[in-house]
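My questions all concern the structure below.
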């Protein structure tokens, strides 16, 4: 009962603030507050107020909107539900559209685990209802897909089939049919944002082996190195230092090998 | 309250369907439905209906019963509780015996983390009570063990002691006494199924380094390559694409090195 | 409702026992009991009573107090909340101070993920309230820090900046400012205990790449090899065998390369 009440209270604060004023990161200080944090770990509450909400969310290099995308991806990928309701609200305040949150959840069903997406949908539904966000504002299942770069996709498919066609034809088939020829082409979330979500989820879950491909894809899709760098700062706080330090050697290598890199 | 109600509703649907008819995968379409998924992520709901329940669960190569074993293992290993009650029900509908579910939970306490098993037991108890499954149908603590292949176990123990006897005598001791001379020999779950559960949990949790030993053991215990291949298709949907792509290089190597492999 | 009731019941047992007598590991047998475990997985209940609580918690090499530190770290790092309330109570019974639990939660916000710390704070707050533990007993945000070994920190900072300064200046900055020049110096938890918490979290979360640095740091901070060895036995049960077996090759190498190692 205590926990449900705490969440409800936090949610009440979040929605109240959201209605009162345009989103600013000063609201953030409120977002990460909770009575239990203050009661049990006052030092952590101060880190939250002064460092995380007071500094990190305001850093240049990555917009508050993108920081919300990264944070939601990390929370959903690791199924960290404690603050998810607050962060769905903050994401909306920071300019992430309801339809984009819908697509982030759908995307992470495939890149973070189906059950995580269901938890995220349950929590998001409450935020949407409280804000009067209706189904009409959300992308539909049959939306017209973005155009496919057939050449790039053919190259990807050929390589995966060569590597794993004999290991799991089913995985190879659905990777093409469902992921790269369908999910990634859904228009409700830009390819660059899908990539940002994917890389954030890989780092949060320690799936280091998949980072090289997806970070390159992210940068092909328009993510800058400065943004990727700040994505790491954001993730250090939300998915933990070890996940970021395990990823940094691979990310360093991607940065260094990108065409046009001067060093 | 919302979440509890949603789970109860899903459970009501699941049990109602289960009583009405023998298990078919058409029920599956109902299983993965939820009001929040439809409200928040209609595209994901369509993937669930058309692809996951409409296709994947019906693919040849792995029976619905085995797909339920793989799915439960993945959910318990990652502590994805949102759909666990539905999937315990579906597993029973698909022919997994109550005693086998009990043993899967016990097995995963050791291979996925003790706390995960406790969560799974809490959820499973509700399904068992609703279906009138009594303690008498479950394996007991003192059940007579399956015979041990002393030669194989001696080889395993010798190698582990040589590698890690100086690192952690306690781990080495309990690996023999509790796992391989007790848990793995409990008669309520066939060794082949214990292996299927173990490998699924390793992939779901990204424990790639342990896959080679346990996939070989699984295939020694009777898991076919075609079944292992379809296990990967099932896991791609339930534990996420990255976990499967991180595992596939190791699995490919196991397949290629198995005695009798033609290639 | 069922789950909340089960947790409340377990908590009632735990607090009742705690008031009745000084902490002994015989209480442990009660701690790991739950009606659902007995009802669904009686074999697991027997492993809990006879092996985990009856033997492991009593093994020499690591005190019950340190075993509680390791166990809490593993549960929080993996967000395994099912038994967390019981284990916070057991930790207090085993001599972990309230202020140390507060600092463990704060530490793991950075080493296990912020959302995990929030869940842990919510649960711990209930235990603290039930036991009348007040905020005055907890470390404050502005506590005077322990002295810093400037030479060691300068060497660490130089190496991290050389490796990753171009990858993520933000991560490099906060690693120094917030972690090693602040968090690690907070006086409410001894450096050796922070290291024990950190290494336990890394193993529990499969962050193998970070173990070498932090296990060496732990042993520099006073953790003995015998204690590290028994930490592994404890973690095998609480975070699962695969996490420990993935870590053991790295831990073996650290042990062998430590100055003064005879072998």
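A, B and C label the chains in the order they appear, each numbered from 1.
Simple rule for what comes next: contacts are C-beta pairs under 8 Å (C-beta built on N, C-alpha and C of every residue); 3 or more make two chains touch, one makes a residue touch a chain.
Predicted, not measured: the structure shown is a model, and the values here were computed from it.
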Proportion of interface numbers common to chain A and chain B (over half same, under half different): different
C-alpha-based rotation, chain B on chain C, 0 to 180 degrees, nearest 5: 120
Centroid spacing, where centroids are CA-atom means, of chain A and chain B in whole angstrom: 28
Junction residues of chain C, two or more chains touched: 79, 206
Sites on chain B touched by chain A in the complex: 1-3, 6, 34-37, 39-47, 51-52, 56, 59, 61, 74-75, 78-84, 204, 206, 229-230, 232-233, 236-246, 248-249, 251-252, 255, 263
Chain C partner contacts - residues on chain B that touch it in the complex: 4, 79, 101-103, 105-106, 109-119, 121-126, 128, 135, 138-143, 163-164, 166-171, 174-175, 178-179, 183, 186, 188, 201-202, 205-207, 209-210
